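Would you mind keeping the following structure in view while I ask a few things?
To keep things simple, chains are lettered A, B, C and D as they appear, and every chain counts its residues starting from 1.
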Amino acid sequence: DDMRIALVVKALGIGFFEAAAKGAEEAAAELGGVEVIYTGPTDTTAEGQIEVINSLIAQQVDAIAVSANDTDALVPTLKKAMQRGITVISWDSGVAEDGRQLHLNPSSNALIGNMIIKLAADHMPDGGDVAILSATTTSTNQNIWIEEMNKVMGNYPGINVVATVYGDDLADKSYREATGLMQTHPDLKAIIAPTSVGIVAAAQAVVDAGKVGQVNVTGLGLPSEMAGAIESGASKSFAIWNPIDLGYSATMLAHALASGAAEAAPGAEIPMGRMGTLTLDENTNGAMADPFVYDASNIEEFKSIF
Amino acid sequence: MYLSPDVSKAADALMTDPILSLDGITKIFPGVRALSDVKLDLYPGQVTALVGENGAGKSTIVKVLTGIYQPEEGTIRVDGKETRFPTAQHAADAGITAIHQETVLFDELSVAENIYIGHAPRGKYGLIDTAKMRRDAGELLDRIGAEIDPAVLLKDLGIANKHLVAISRALSIDARVVIMDEPTAALSQKEIEELYELVDRLKAEGKAILFISHKFDEIFRIADRYTVFRDGQYVGAGAMADVTEDDLVRLMVGRSVENIFPERASTAGDEILKVDGYCHPTEFENISFTLRRGEILGFYGLVGAGRSEVMQALFGITKPSAGTISVDGRARSIRSTAEAVEAGIVYVPEDRGKQGAVIGMPIFKNVTLPSLGRTSRNGFTRLAEEFALTRKYTERLDLRAASLDQDVGNLSGGNQQKVVIAKWLATEPKIIILDEPTKGIDIGSKAAVHAFTAELAAQGLAVIMVSSEIPEIVGMSDRVIVMREGRIVAELQGDEVTPETLVRHAAGISEGKQ
Amino acid sequence: MTDATHHHVPDRLTTPLQRTLKSWEALLLAVAVAIFLLNSFASPYFLNAWNLSDATFNFTEKAMIAFAMALVIISGEIDLSVASIIALTSTAMGAAAEFGVGTPGIVAIGLAVGLACGAFNGALVTGLGLPSIVVTIGTMSLFRGISYIVLGDQAFMNYPDSFAWFGQGYVFWVITVELVFFFVFAVIYGVVLHKTNFGRAVYSIGNNPVGALFSGIRVKRVKFILFLLTGVMAAIASICLTSRLGSTRPSIAFGMELEVVTMVVLGGVNILGGSGSIPGVVIAAFVMGLVTFGLGLLNVPGIVMSIFIGLLLIGVIALPRLFAQIRQSRS
Amino acid sequence: MISQFLKSREAILVAAIVSLLALIATRFPAFVEPGNLVNVFNDTSTLIILAMGQMCVILTRCIDLSVAANVALTGMVVATLNTLMPGLPVAAILLIALVLGACLGAINGLLVWKLQIPAIVVTLGTMTIFRGIVFLISDGKWINAHEMSAGFKDFPRMELAGLPMLSWFAIVVVICFVVMINRTPLGRSFFAVGGNPNAAVYTGIDVGRTQFLAFTISGMMAGLTGYLWVSRFAVAYVDIAGGFELEVVAACVIGGISIAGGVGSVAGTLLGALFLGVIKNALPVINISPFWQLAISGSAIIIAVAFNAQQGRTKGRVILKSAEHTA
């Protein structure tokens, strides 16, 4: 029988996760004898993910790799999965330690926190006001990155974070929030949106407000979705790690654990095929690679890939 | 019956051809054969009275005629040509218009719109020409002598004026056949007289008129011909001049109805209810009266005098702003209907469909609703007890129904009224308030209600009977209170209770002017 | 009238069996059985006690609210704020847990907050006479809004271990605590609605509120109690759900109100009030649970499942009417 | 006439909106600058258009919970069409959106008309079905700005006399509805059907058919909004306008449309939508924590409705002559 690995995402239909699924298929093909079940709720809720996970438990899949909508709420269900002998890892957006065997960070959180503020600062030689447009209030990874960013703010004198708003990963809400930011803070120089939905909406809002060149939108986004914003100048640059690689690595890790080839313990080194190895820290977290920066110079090349 | 020479005029009428002629009409509702194989002819320039008991199918044939119901069988001929009326619009186009038994008006639309909805005059681009509509409506209202501004919203009118709007609406269609289903039920005497004049005018214009009423004086006053239905069947027709009231009643009921008002000796006992100084900010003020066991206390007044409002306050529906009430010598505060029932006061409302019966629930559940405490144990219902209690009281009232599990909504008005009365008798009340108990009820059931009311009083129940019908008030009451504009204006007893005094007090005409 | 010949009026024209066979519940039960069979064929994992046990979580919490909601809807009202009551009670319980309150205290606080929310709705509807659909659209935002004010982007998760019993515990073998709750409440609500005076009052109010008032029913009091009951049932569902998730975020149970209403309507309750039954709602809960679980086993996305639920909702009501119309037009 | 207006629900709403604006201005003066008010109106345009359609439905004693799903479905279809045929002119897109939206509305209407299923049940069902179909045709994938043609995206933003096209759409729709509601037999029959359905039958109005038309109109407005929404936010996906149906209903109710049918006005609906629009746009700019927004808009709905009900309360009949002056 094929080994069945379920890739559970925050919500179906988001470009970032679609790309990750491609990576997972790539890994499955490379490994052989692996079936990838790409699934998730249709809106970004913990309850929806729990229902999905329950049906995966019922199907007795071999491994679940989840990007969580809620750090804590999934824990009891995932614990049950592990009790029934299913390998559970989280990737992208993590689950609390009890609820998984390891967590694969797309990159080190500290690095991302620093990256997003640096991208803004690079285009603000004289300093000024920036605001943050996040996803939902419960998004684990966004919250961590913003926290990490705040830690390093001292390195960027003259730059003030004047507000944090939440667009709930809904295009229209993010748009309205971004518009609101520009009104409340007429001197705003940049909007940092560490979410692929928010960054696109914010760029559109800047274009519609006629503030291209005045307000720079940056953060984390997908080249395919951000190509227009780079072109219009609403965004000078943004970053993202490669979601294909992320899906690929998550699948490799899940396979390694489920097949018994590796064990998730602090300090363990687990191979991830073409992505090298993952080294786990004391909380069984590991980071994949550094985010990559996209701007006018390279967007054309990547926009058709993911 | 033979035709005497002096009614040859009536015989002549038979010679003209009917404008509208129905034949073999059958209409079936689930479980009810509302009409079976009935016929009806309407002649130009004549008023045909359609009479029959409640549920005889009068309103049903009106609805067949106006395209609201489709008959299962039968033919409709207009000027001898067979037609069908799939919708109300088709009937209107054929020149048939009706004042229906229910008010068929719209509170949120203006008077003019109410008159013209469905056939409003159009102006530029096919849009409604509001100005013209108001002018035309004004003219129509003038024609029937109604002083109503066509631009106001209907909800701002009183009930009588609403009825006048309904009449204007019927006239707004250039019709050859005008149907009136109990048009005088809500009108005052003066308005009724104006309606008679209108009917005469329409007759003179050569229109055929179908007039439905339970009031015999009215029928004999204006009708030229009659048709009688009984239990959904045609039982006879002819010229009014050839029949007496007794003949008609016999046709309607299948037997003669002897004495409408039962002979009764006054059985009044101890005082059971005392109302002192009841007031309400807008509806009534300073209402004080007493009621004794075994007494029938009549409440008379013109429609809109506020009698129902006082009764509803006694029953806990509205809260009085001042005043006290005591039952059996004990002061009570009645803040809800449940407390009224506990105190032994029950109310049979005027509006049967809305307030009286819970349409959608079966008969037995309606009857036991206020008596659940009696038929249940520890709050749990017991069906056997419910059926037994229901049977006890509905049999006393001779209810006609397919089963006790039948939805009250499928009963005729008279039978619904019986369910409501049974419901209250089952609570074994001390005081029963009957608000227009025979309104819209046929002559046979009416006599039954009167007999029953008398029986209740004889058994020691105190009865308050609100009625706008003078014969009923005079014939039934031991004592009469007259109300006008929210106040008690007279209390009459014995020989003082005459139609003249009642009208004088109710209308506020002073002795001298009379 | 004592002399008139009495027409005999029978109690009933149909037997209980006839009524049962013709009922909505019978139709729905047939649907449920069909879905069960289809599922057994479609997936090898379906007929497994543990899996079926897990599947009950798909509906137990919603169904508990649906019982109370059924009464509210039968009385002619509706409560769209139930999911938000879950959020607010969960937040209150989470806060209590942060302060180290034990499980009994947490449960008591949850119930009290649910009761308060229900009382607030009930007071607006019966006291001010506002339409419940509008009031509860408002409180839907308000209750969840308060939860957001308290929690913001934080979560409460310091629940005592014993609190996990409600949503994660098993009473016996695969029988979960929630499933037992579900059946207990099904029986309680079934008896209350169908066998008590209170239930009769609820029906009468739904059929004709004015007529009920004029029959001596305390209409406002009954409606107020019904809103209290939905508040309490939402609190109980909140206890179960919070316990199952082990944490509280303000977005908890988002959008659940419409699923609850769907369950009630699918159960044959007339959305306009006046008719419906608890057995119907129980079967509807199983139907919805079986559909989502069965499709879940086939990894069908949730939104596609909702197409099935939507079709089921309309289809189950539409098809009998369609057939009746066709039959009528033939004869 | 004037005193009548001053006592009307519309006047009170105007007063509420003005005082709301004044209050906001004390904290954030720039909000009431004309340019920003134009933005607020523009942002509220979609709500206004949907509320107009919903108003017709509610007037006939129904409710349409499927409008937001209709927006998503129509939006996804036109966005997909645009990606497949970038050359398709906006006029054609608009026509398709209107027709498709109307067809979806007509499905609701037919179920209500021909099978007499309560509207809330029908639209609860179609709301999930429509969204599901969006998922099926898009395979769950988003259509992003860069996949849409410039013409498609730019149209609602085009300015005419200082106002974006989106706002003009709202204005034209409102004018059409004023005429339709007040001066056409159909418009008046909405009131008749909702106010007294039994009586409507007697006057030759087909209740079911009128409700069907109301749903079709509501659907058509949702279709129009579908295009406007997708092009304005330059994105189409399954969840767009999620939960918006309740906001649309709230706008109607705040505007004095009685949920029991038969009562209401276009002006009231417009003001109800603007009231919500002002709140929604103001909260983010006056530095109210985002976590307070939900509770505030919920309270606003409750207060507005309580106020409305107090206003429209039937005072009981006035029988006493002495009471007539005070009443």
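Please note the rule applied: a contact is a pair of C-beta atoms (placed from the backbone, for glycine too) under 8 Å apart; a residue touches a chain by one contact, two chains touch by 3 or more.
A quick note: this is a predicted structure, and the numbers were derived from the prediction, not measured.
Colleague: Out of A-D and C-D, which chain pair has the most contact pairs?
Modeller: C-D
Colleague: Once you find the CA centre of chain A and the CA centre of chain C, what distance in Å lies between them?
Modeller: 37
Colleague: With chain centres defined as C-alpha means, what is the inter-centre distance between chain C and chain D in Å?
Modeller: Spacing between the chain centres: roughly 29 Å.
Colleague: Indicate the whole-number Å distance between the mean C-alpha point of chain B and the mean C-alpha point of chain C.
Modeller: 43
Colleague: Identify all positions of chain B at which a residue touches two or more other chains, and write them in rising order.
Modeller: Where chain B is concerned, no single residue meets two or more other chains.
Colleague: When you check chain A against every other chain, which residues touch at least two of them?
Modeller: Where chain A meets two or more other chains at a single residue, that happens at 12, 42-43, 137, 166.
Colleague: Mind pulling the chain C residues that touch 2 or more other chains?
Modeller: 148, 152, 250, 255, 301, 303
Colleague: Following the definition at the start, I'd like every touching pair of chains, please.
Modeller: A-C, A-D, B-C, B-D, C-D
Colleague: Residue numbers of chain D touching chain A in their complex, please.
Modeller: Chain D residues touching chain A: 28, 30-31, 36, 39, 43, 135, 138-142, 144-146, 157, 229, 233-235, 237-242, 280-281, 283-287, 290-291.
Colleague: Sort out for me which residues of chain D touch chain B in the complex.
Modeller: The contact residues of chain D facing chain B are 179, 182-185, 188-189, 191-192, 195-196, 198-206, 262-263, 315-323, 327.
Colleague: Can you tell me which positions in chain C touch chain B when the two form their complex?
Modeller: Residue positions touching the partner: 1-2, 4, 6-7, 9-14, 191, 195-201, 203-204, 207-208, 210-218, 274-275.
Colleague: What part of chain C is in contact with chain D in the complex they form?
Modeller: Answer in residue numbers: 80, 124, 128-131, 133-135, 137-146, 148-149, 151-152, 250, 255, 258, 261-262, 265, 270-272, 301, 303-304, 306-307, 309-311, 313-314, 317-318, 321-322, 325.
Colleague: For chain A, which residues count as touching chain C in their complex?
Modeller: Touching chain C from chain A are residues 12, 37, 39-43, 45-48, 50-52, 54-55, 57-60, 70-73, 75-77, 80, 84, 136-138, 143, 166.
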